[in-house]
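These are the structures in question, set out in turn.
Two complexes, one shared chain (chain A), two partners (chain B, chain C).
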Partner chain A sequence: MSDILLEIRNLSTYFETRSGVVKAVDGLDLTLRRNHTMCVVGESGSGKSMTASSILQILKRPGRIVSGEMIYHFRDGRTVDIARLDPNSKQMRAIRGKYISMIFQEPMTSMSPVHTIGSQISEMMLVHEDVSKAEAKARTIELLTRVRIPDAAARFSSYPFQLSGGMRQRAMIAMALACRPDLVIADEPTTALDVTTQANVLNLMREIQRESGISIMLITHDLGVVAEVADDVTVMYLGRTMEQANVFDLFNAPKHPYTRALLGSVPRLDLQRGERLTQIRGMVPNPFARPTGCPFVTRCPERRFGLCDRQEPDLYRLDGSTSRCFQHDPVHAAAWAQNDEVLA
Partner chain B sequence: MTDVMQPPATAKTAESCLEVRNLKMHFGQSGGFFRQKTGVVKAVDGVDLTVADGETVGLVGESGCGKSTLGRAILRVYEPTSGEIRYRRRGAGDWIDLARASPKTMTDLRNDIRMIFQDPFTSLNARQTVLEAIGQPLFARGVARSEVRDRVAMIMGKVGLRPEFMPRYPHAFSGGERQRIVIARALVVEPHLVVADEAVSALDVSVRAQTLNLLQDLQDDFNLTYLFISHDLSVVKHVSDHVAVMYVGRIVEFAPSAEIFARPLHPYTASLIAAIPVSSPNLRGRPRAELTGEIPDPSKPPPGCQFHPRCAFATEACRKDVPPLRPMAGGRQVACHHAEELELAGIPA
Partner chain C sequence: MIHFIAKRLVAMVVMMFLISVAAFVIIQLPPGDFLTTLVASMQQGSDVSQEQIAFLTRRFGLDQPLYIQYWRWISGILLEGDFGYSFQWKRPVAELIWDQLGFTMLLSLATLLFAWAISFPIGVYSAVKQYSIGDYIVTFIGFIGLAIPNFLLALVLMYIGFRYFGQSVGGLFSPEYRTAPWSWAKVWDLISHLWIPMIVIGAARTAELIRIMRANLLDELNKPYVTTARAKGLSEVRLILKYPIRIALNPFVSTVGWVLPSLVSGAVIVSVVLNLPTVGPLLLTSLQSQDMYLAGGFILLLSVLTLVGTIVSDILLAILDPRIRLE
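And now, the complex of A and B:
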């Protein structure tokens, strides 16, 4: 069994609208390992959620995958390129829910309000597996117990509105685990929750991973969540990978200026009251007006005149991590270091 | 329930400008046949809180603890059920009780006490230009249009918006810029006290950093007093001089910010601190108490200390008697029977 679960190479997802093309995901590279947690971080508009929708092929029109590959490795050694599958094909439907499932941010809007949580969870098993209704029910109750929903047998016939926010998110996790998937994609699973409930849900996800060996791709903008649960981290900006690294390397020795800026802008508990936060100047550019050169050039504190605003850096491979910045390019690194004419 | 009132400790350095005394804000619930009264939601139930002039008090707690209701009651969005909200204008010696102030007095005070709301997308009128939105409180006071322009231009400069944007509509701005408009609107009348209800919660990290820095600069420039309501403890620690922790309508702990985080006295405060995500993966695995269960329904609060069903240290006394908010050493206050005996973990400073 390969250690790699999903390899995304040069993935681009564009929205061709009347006012222009929105490059939501633009040449993304990302590798998910089995039994590991990959956190994808970035500001709003960086393409995190669109990456998740692309993997599951649930893009809303006019969004479409225009290039790239997503090689998914099954447990038996077979592989499939998800990017080549028709979103409505039988094969894609078999992957969704059974091999890759999703946890959404707001369970209230992503669960059916008119079906009980029990029937919504067992439906997953009935669709994907050859089980009887009674078996599905028994397994659902077992799952609800496992995500620590008290009195699971009674909760089987509760409707989503009858549960609290934290409880609903647990039911959502149970639903994602219904068919014992290999990969769970969680899109901001704790953003709508209180800190205390967030801590409980993160603990639960960690525990489930330890027991069942699933891979988790966790999309978040909260670097605290990343510090808590990630093994690997991908930092995205304007649809591209800016840095991918092991979580310890990312926090202890961030390579890319954007990563450094993000880490500096978070109020940390070890800062003194009133200590100033690092500001990232400006804001994420309009998707129709992408800068020429490096995507981050308009806001980068370390940009070099005549280089960063002219050419776009590649994703350079470093020791165990990757970074999209000229300071890590063997060809340009010397020039970058000498050129101290920082673009004002 | 005991109604014993303890005088809250005031900060030593400055005079207080807001003193909330035994404030109660109850909402009637109705339902069933003929919409009978079925219960009372005690959203705020006997709160004492003192805010010193020029400082920032952070108000934290889980959703449903009544922190927003308290903030709104101070602005008299609601008519408080009972209690006092004593407010003193800067330089003036006499106290005004906002809970009983006449509509005329409140209208006068609207320029003194201002509010910043959470969501900059819903708190701005889409059909008002930036000039109209920020200048609204001035127009309402009958200030001449040319003077309004000057003052709006001045405040826009302060919050980092270009005055040329005055004729634009909110849709032309990003989330962070809109929040600046909301802040400018709150500050254009040169207020004294600003109630910021989750003012940065809806913002992206980079924009949040800009906004927090801005709020700090404005506090220095205009000598503002903030009541900063938030569920995010790391943000609260960053901005606050004092922190008040609220649970089901009551303040359970009040202390200087540095001390409350270093050594919490109430078990609830300790569990909130324990739930904050670590700031670096190197700190993973520090032992911490996980808080289970959920915040009780404020219309059916448990007897005794409201936190006892979730508290690891609860005893018989906690199940029976409501602990009053009582003063402790160092200007701190806590509502726990066992505050002296407990050794609770905070975060090393």
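And now, the complex of A and C:
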């Protein structure tokens, strides 16, 4: 069994709108390891949610995967390129929920208000597995117990609006786990919750991850959460991977200027949960006015004019991590060696 | 649920009482009263006898204060099903009403079912295929349906029915069946007459329902729970049927409540043009001629039916939507 679960290479997802093309995801690289937690961070609009939607091919129109590959490794060694599947195909539907499932940000609106949580959870099993309704119900109640919903048997027939926010998110987690998937994508799963509930929900996810060996892709703005739960981290900007590293390297020795900017001047591992990304000077460029050269060039404190605003850096492989900055290119590294070079 | 229904029923009884008072006030409003009209018509040589006047005066307490008159009137209706006497038609009001009301209800129901059957699939189609050519065509036809005046549509359809289908037009029956006893042939005759008024009265409603269904479903299709259902691996057809349509159905169900009053008020002209034996024209003439018990009986019954319709739609909504049921 491969250690790699999902390899995303050069993925691009565009929205062709009337006012122009929005490159929501633009040449993204990301590797998810089996049984590990990957946190995806980046400012608002950097394409984190669209990456998640692309993986499940549940993009809203006019969103469309235009290029790239997403190689998914099944347990039995088979692989499939998800990017090549038709969103409406049977194969794609068979992957959704069964192999890759999703936890959404707003459990209230992400569940049907007129169906019981029990029916919404067991539906997942009924769609993907050959089980009877009674079996599905029994397993659902088991799951609800597992995510620590008190009085699970009674809650089976509750409606979402009858539960508290934390309970609803637990039910959502139970739903994501219903078919024992290999990958659970969670898009800011705790943003809608209060701080204590956030902690409980995160602990629950961590525990389940450890017990059942699933991989989690966690999208978050909260660096405290990253420090606490991540094994690997991907830093995104304007739809691209700027840096991917394991969590220790990322906090101790951030490679990319954007990562450094996100972490603030002093990188720390002792960040508390709730601490937000530091404000970076300037604004995220308008999606229609992407800079030439490095995407971050308009705001980078370490940029070198003549280089960074002319050419786009590759994603350079360093030991164990990757970074998209000319600093790591042996050809250009010299430009950063001399400190007396004019900083812009 | 039982609690919910009980609450609604209590409210309904209270409302009915208020409506009966209102209906009574309305029939008392016009200047002059029943007696004077009667006496006046006697002088014109009508065949109402002195005894009859005396009987009616006693029966309805016309020489008594208003609240006693109200009591006589309402208790007659509630206890004996006696709605009073129509001066104009010289028949008990109850007879007149049941005749016309039966057809009105039949036509209302047929129209409602017609409007539902047409607008539901079309509304769903044009929402799911938003901005497709089909959607544009449907929307265009819908606007025409809304814009054409009913009576014009009635005349056009009558012409078509007469010219191309050789139908006797107007009314709900061909002349030979009008007074004939009920038979399958008569039922068929009724059905073949029903389609014109059904389309005429239902056209605007159908167009409106299509727009409601389309707008509602479009709203629902963009809700996060639909994305969740998609992320579960449900097929598109299955998930649309199960989730957004289920929720977009609510406005449909609520139309049960308002179909009756709108049929009576909105379809009077159509009924006149099509010569339909519905309550619209009868109510109109009874109001014009101050036929007070007839008018009062109509107003009362229509209000009650509206109320019943509202309650039925409330209960249906509660069955559909747990947020209402479990409030």
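As a convention for this text, the second predicted complex is superposed on the first by the 321 of 344 C-alpha atoms of A that agree within 3 Å, B and C clash if a C-alpha of one lies under 4 Å from a C-alpha of the other, contacts with A are read in each partner's own complex, and residues count from 1 in each chain.
FYI, a residue touches a chain if its C-beta (ideal position, glycine included) is under 8 Å from a C-beta of that chain, and two chains touch if they have at least 3 such contacts.
What you are looking at is a predicted structure, and each value in this text was computed from that prediction instead of being measured.
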Q. Counting only touches as set out at the top, which of chain B and chain C does A:43 meet: first, second, both, neither?
A. first
Q. Of the partners chain B and chain C, which touch A:248 in the superposed model: first, second, both, neither?
A. first
(Q) Tell me which partner touches more residues of chain A in the superposed arrangement, chain B or chain C. (A) B
Q: Name the contact category of A:113: first (chain B only), second (chain C only), both, or neither.
A: second
Q) Which holds for A:164: it touches chain B only (first), chain C only (second), both, or neither? A) first
Q: Could you look at A:95 and tell me whether it touches chain B, chain C, both or neither (first, second, both, neither)?
A: second
Q: With the two complexes superposed on chain A, say which partner A:225 touches: chain B (first), chain C (second), both, or neither.
A: first
Q: Could you look at A:104 and tell me whether it touches chain B, chain C, both or neither (first, second, both, neither)?
A: second
Q) Once the shared chain is lined up, is A:328 touching chain B (first), chain C (second), both, or neither of them? A) neither
Q) In their complex, what parts of chain C are in touch with chain A? A) 222-225, 227-236, 243, 246-247, 320-323, 326
**Q.** chain A-facing residues of chain B, complex
**A.** 62-63, 174-177, 204-210, 212-213, 216, 231-235, 237-241, 257-258, 261, 271-272, 274-284, 290-292, 294, 347, 349
Q.
Taking the touch rule as given, give the residues of chain A at its contact with chain B in the complex, in rising order.
A. 43-44, 164-166, 194-200, 202-203, 221-225, 227-228, 230, 247-248, 251-252, 261-262, 264-271, 273-280, 283-284
Q) chain C touches which residues of chain A in the complex? A) 56, 58, 60, 88, 93-98, 101-102, 104, 106, 109-115, 123-124, 127-128, 159, 161-162, 175
